[in-house]
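Comments concern the structure below.
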Amino acid sequence: MNTISETRTKSLLYLEDVSVSFDGFKAINSLSLVVEPGELRAIIGPNGAGKTTMMDIITGKTRPDTGKVIFEDTIDLTKKDEADIAQLGIGRKFQKPTVFESHTVWDNLELALNRSRGVFATLFYTLTAEDKARIEEILVTIRMTHRKDEYAANLSHGQKQWLEIGMLLAQEPKLLLVDEPVAGMTDAETAETAVLLREIAKTRSVVVVEHDMGFIRDLGVKVTCLAEGSVLAEGSIDFVSSDPKVIENYLGR
Amino acid sequence: MSFKAKLGGALLAAALSTTAFHGAFAADDTIKIGVLHSLSGTMAISETTLKDAMLMLVEEQNKKGGVLGKKLEAVVVDPASDWPLFAEKARQLISQDKVAAVFGCWTSSSRKSVLPVFEELNSILFYPVQYEGEESSRNIFYTGAAPNQQAIPAVDYLAETEGVERWVLAGTDYVYPQTTNKILKAYLMSKGVAEEDIMINYTPFGHSDWQTIVSDIKKFGSAGKKTAVVSTINGDANVPFYKELGNQGIKAEDIPVVAFSVGEEELAGLDTAPLVGHLAAWNYFQSVDAPVNAEFIKTWHAYTKNDKRVTNDPMEAAYIGFNAWVKAVEAAGTTETDAVLDSIIGVSVPNLSGGTSTVMPNHHITKPVLIGEIQADGQFEVVQETAAVVGDEWSDYLPDSKDLISDWRKPMECGNFNVATGKCGGKGS
Amino acid sequence: MTFRIFSGAFVAFLLFACAAFAQGTDPKPLFNQLADANFNAAEKLVAEIAATGNPRVVPALNAFSEGDLYFRKSDKAVFAAKAAGSQLELIDPVTGESAGQVAKSAVTKIKVNNNLRRAIRAALGGLTLMSPDRGARLSAADAILRAPSAEALELVEAALVKETDGEVKARMEEARAVSLLSSDRSVDEKRAAIETIAGLGASGLGVLNSVSGTIDPGLKPDLDAAIASIQNEQQLWNLAQNVWYGMSLGSVLLLAAIGLAITFGVMGIINMAHGEMVMLGAYSTFMVQQVIRENAPGLFDWSLAIALPVAFLVTGAVGFVIERGVIRFLYGRPLETLLATWGVSLILQQAIRTIFGPTNQEVGNPSWMSGSFPLGGMTITYNRMWIIVFSLTIFFALLFVMKKTAYGLNMRAVTQNRRMASSMGIRTPWVDALTFALGSGIAGIAGVALSQIDNVSPNLGQSYIIDSFMVVVFGGVGNLWGTLVGALSLGILNKFLEPSVGAVLGKILVLVLIILFIQKRPRGLFALKGRAVEA
Amino acid sequence: MITGFILRALEGKIVIAVGILLAVAIIVPALNLLTPPDSAFHIPTYVMALMGKYLCYALLALALDLVWGYCGILSLGHGAFFALGGYAMGMYLMRQIGSRGVYGNPDLPDFMVFLNWKELPWFWYGLDMFPFAMAMVLIVPGLLAFVFGWFAFRSRVNGVYLSIITQAMTYALMLAFFRNDMGFGGNNGLTDFKDILGFQVQAGGTRAVLFAMSAFMLALCLIVASAITRSKFGKVLVGVRDAESRVRFLGFRVENIKLFTFVVSAMFAGIAGALFVPQVGIINPGEFAPANSIEVVVWTAVGGRGTLIGPIIGAILVNAGKSFFTGAFPEFWLFALGGLFIAVTLFLPKGIVGTIQHGWNARKALKAAADAEKGRDAGAAPTVQQVQAAE
């Protein structure tokens, strides 16, 4: 109890005793988790461990049955919806890359820019020089400057993943939740993605959910292993992967 | 760009008026008449028969040598049970096809929709269906029954012959039943029927679950007084209504139902054995025993090549309207609207119940009212026939219309003359 | 205009006034007078005929009531008649012997109206009270129950003495009680009669009400109490009746929706042609009945049983063709299936209109679908009852197919994950087509049932399509139980709203409630929850 | 800011369409009024009335395109907004009849008189004033859309469920307006109009002006719709259509976006209804029929959804076809219409305009790709603005 109240004062995201069930099935079972400012955290766990549901809870898509979800020590996320939470500074990348396929890469980024998102503000929005510079900067970061006028539908799978990450950057979040960023990527792309994520984590907190142990190793950060809706083990990758419970539940199978 | 637009507009106009060009070439040796009945959509069920009847009448007339030495040509269009489309098609018939007169419409909505068109373009519409009254147009002839040619005699029959003292007025929720029931309620109360002895009930179009209402009627009928139902239920909903009546064991001897919208055509979809004795009031039944009727039925069966096709009251109304128009055109020597409007008033033509019908100055016609009981073979048996009754467009039982009369002869030429104020309404006060 | 009151009492009065001198007269000349009589005169003649007390006139009076009494044009002799080919066979009204066959044109039908029928019924009641036939006695007692008169009292009492059959006797007791009320018997006897009538329930209410104005003031409290007790009892039955009507309406909705629960609910096709499948089923019934009427009239009571497989196969086949021809190109584009199937529905409607004409077709009710029986204070009609049974049978049969058979498993596998299913060796196109055919076929057999209570016209389907969608959406797409619960609850809700706000407003309110309900539970009553739904 | 918003709308195709519409607005009435009836250039009143009707339908289809084509909300209840706008106009026109009604009652429309209504219901107040009535044309459909959308979008009712409840909405309204007790004339509706703003409704000049107004309003709404769809808001809209949850997680309030679009679209539909009524001379509950709303969906699909121009072309083509078939081959009209639906969904899923545009874009993209191949390093790729212009 003591440690929790201590960390609480300096945490960016703080989950305590969160549970949620669907039709009797407990997807999340008294889960507690703390993410500190500027932290890059990896989360692993077998299928159905509740990784995506946890993200759903943090981003307001699913309401927990019980428990607290606190952002920046004061904001109760369970009372907010997705748009509120996104505006607070939590970005999310889906498991399946989700970009606007009928828009160009440029437009995708323009829409994601952290500007006023009201109906009338968007109706009368015109692209400023500042915004233009910002988009070009992001294009460089995600290495897509030469494809900026391409429709997103025409991008490869890996490029879509990157574009989505770019959109999250444009959103300028304080916390970035990334769900399986390297699924379907080539080894080269995977390595490059690891570099990109580490780069991003310099300025904000990032939580990565991933199956690819090699990738997690590349990241070299603190790892949390989930199983059946609660935390099984937490620590460095070597520590976690040697935990017998983890081996039984996840790695061993 | 403007050239392009002009070209586009002209092309569109040309595409739309192909029928018109076609019409213009044929116009010299024939007289065209329009047939404006829905052939698709919800009203097709009733109106298609009238289209066939009109085509038969035209064919028969042509066999007799046509009109004014010219053949008649029927122009059939389909307003598809869509009321604005009725107005569009009426306009097309009059201004593009240049028809001399139009025979058509079934619902009041469709008539109301085309009325301004006929008045604007000064043409003639013959409307062959019973309706709620409260209308009189210079350009429309109402050959169906007004409420006093159907509803009131039917109620009289029930009260006098069957001793009915308690009334259920059941109808579909639209203007015809609402108005008819208002008139009937005022009429019954003027005859000393107490308000608690009248039950009024409305149902939506196409209502198919009558269990509650039939059992309510049963309850209403158990107050110890002879009870009858006056039904203004619209066509489609009647089949399930009668089925429910039959199944719940309500016999005509206990609670008779008199209907104003149920004719031979509606009964064709029903097993009528449990319904024997329920009544309908019309101006014509197929079973009427008259030589002219037998002849008409024979022609109809021959024309449709189906000796099971029934005839009904709106067909008789169309028959009267058509013959009156032919006679008026021959008297006027032209199909010019104004001349025909002039000559048609007072024209008498045989109706199918063995008498004659006369076109009155109020553009309604005289006809007898027949009360018929449903028979097991789907026909009606006439149990009472009145003398010819003049259609009364402005009901005497509605407070605001009892002072109104209509007379389209010169010099009055007014559809709604107020005898109390001595003014013709509708032309500004 | 004056309201003349003609009632059973008046007829019966005539009957007995004449009884004194008419007993033993020959009824034959009386029958012959009917040839020239108008309705009023005929009514008197019927009373006189009955007063002869000659039981042999019963068949002729029955024939009169059915409209089968004619007079010969040549000599105005009156006969009962029945059809014999294109001719009529004449039957002597008194002796019942055949008097040869004549052409229809040689005779004229003697008209009958409701009053006459009532008079005949009352007359027959008096004549057949002592008939050796139990059924005849029972219906005679019924006739008096329906048209009570003080004058029938003695006849009933005389019959009661001889009656041995328990049920007939009870019915006669009731007939005696209702007749007694309007007689001049003693107050005590009347009080007992009121008690008997109070036990009759709703059907006794009319009699009690009708004497309420004229009754002995001393009996007034008893009468009012009896009326009140019947009304109280009725109130309770009303509740039961509303539930029953609601279930009945619900079963119709269920029938209409159940096929849609497969094509729309399980397969995700917004099948606007669903209503037309119901219509095709109804027309199949019509065709089957036509064939039976012409070739084997004796089988008519079996017509629905024969129509069921026919309708299932016909509409199933049409559904199969639609799936192969149109829908299979549209999987994954649900909103576009709406457009295409709506086009299909227009074509089917117009095709039926072109083939059969726009008017209603007559689909008859087999005898076991007609009529009703009383259950306490309510009337249960056979057709509604069978439809409830039928719809539940279909529902559970379908549930069985979906949950317990290999085909059902395949079907669910395909609709849940097409790629996975096909890689497991399931022939997905075949399963799709069969599933759609199954949904259509079930709509077709629903049409067989609906042909019994509604119009059989090209517009039949249109009147059910919106309601069907409401039911499926309300119950929760993809859940058969939801469709069942949705249909029944909407039916009952509708029937409870109807008496208080009227049928029109009731329907509007139900729609508004559905709209509001969907806001509360965007995926219906029985929604699937969890992650998978969003994917 | 506003000028930027409007200027952005005026892209090539839209300019052409608006130009054509404005030209039609002038030329058709001119040819109708100024040329003698036997001239080859004369456009008969009948044809002008018909074209006026098509233009109203086109506007209705445009309204639907805004929500369906751009926002992915398939409304099966747009006929309701159209009819409500029509009723607002119809009520104004009824009040204009004044004491010229058959019963000479200065306050009550005829149908109220013969059904024994004693006074005007409150919701008829003020509709005798043109500006108020015109405000109602926008406000009533807008308000219904707002209330309906507020609940539906907040509860995230979408896809098929939304379509079905919009259908329930228009069906319930149809039943309600059929009731005589509602005070809207029951199934007969409102008809026999006399004049509008003091001009006779049936007069040639009035008809010409109404026609011109229809074309003009269609052009105006087209510009507004184009401005909306080409703004950043429009891009968000398409985002909602294609990947709603992504828009949500980017921090946009999807329900507000949908609500705004739905309300604007309902208002467009209301305007269309208001222009429709004086030209056809009747408004009745049949306009609420669910089948009518489905037909609007079909026009939009035929023309090509998400293209703005497409629905206009679709509405005009289908209705011209309807006018032709119901006159020439009445029995075949439903076969033709039904066949058209099936053919369009199977063979032209993008609609006429969508298919043409797609083909054109594909060619252009091919060419652009070839260009890019040639000079990628030189930075010769087309600018964003150029690509947008090609959309």
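The letters A, B, C and D name the chains in turn, as written, and every chain counts its residues from 1.
Going forward, a contact is a pair of C-beta atoms (placed from the backbone, for glycine too) under 8 Å apart; a residue touches a chain by one contact, two chains touch by 3 or more.
Quick caveat: nothing in here was measured; it's all calculated off a predicted structure.
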Completion exercise
In contact with chain A and chain C alike are the chains D
Problem - Of A-D and C-D, pair with higher C-beta contact tally - result: C-D
Exercise for the section: Go ahead and note the Å separation of the Cα centroids belonging to chain A and chain B. Expected result: 72
Problem - Length of the line joining the C-alpha centres of chain A and chain D, rounded to whole Å - result: 43
Problem - chain B and chain D, separation of their C-alpha mean positions in angstrom - result: 36
Fill in the blank from the handout: Residue numbers in chain B touching two or more further chains are 39-40, 173, 202, 204
Handout entry: chain C, residues touching no fewer than two other chains
Key = 350, 462, 504, 507, 534
Completion exercise
Expected list for chain D, residues touching two or more other chains, is 175, 178-179, 245, 331, 334
Problem - Complex contacts: residues of chain B adjacent to chain C - result: 39-40, 42, 44-45, 48-49, 156, 159-163, 165, 173, 191-192, 201-204, 206-209, 211-213, 215-216, 218-219, 221-226, 236, 239-240, 243-244, 246-249, 252-254, 256, 265-266, 268-271, 274, 276-277, 279, 373, 375-376, 381, 383
Practice task
Could you please specify the touching residues of chain B with respect to chain D in the complex?
Solution key: 1-2, 4-6, 8-10, 12-13, 15-20, 39-40, 76-80, 82-85, 87-89, 91-92, 95-96, 107-109, 112-113, 115-117, 120, 134-136, 173-175, 178-179, 182, 202, 204-205, 398-401, 404, 415-416, 418, 421, 423, 425-429
Practice task
Can you check the complex and tell me which residues of chain D touch chain C?
Solution key: 74, 148, 151-152, 154-161, 163-165, 167-169, 171-172, 175-176, 178-179, 245, 290-291, 294, 297-298, 301, 331, 334-335, 337-342, 344-346, 349
Completion exercise
In their shared complex, chain D is touched by residues of chain C numbered 268, 270, 272, 326, 329-330, 333-340, 342-347, 349-351, 354, 462, 466, 469-470, 473, 477, 504-505, 507-508, 511-512, 514-516, 518-520, 522-524, 534
Completion exercise
Listed in rising order, chain A residues that touch chain D in their complex are 59, 61, 82-83, 86-87, 91-92, 94, 98-104, 106-107, 110-112, 114, 117-119, 122-126, 146, 148-149, 167, 171
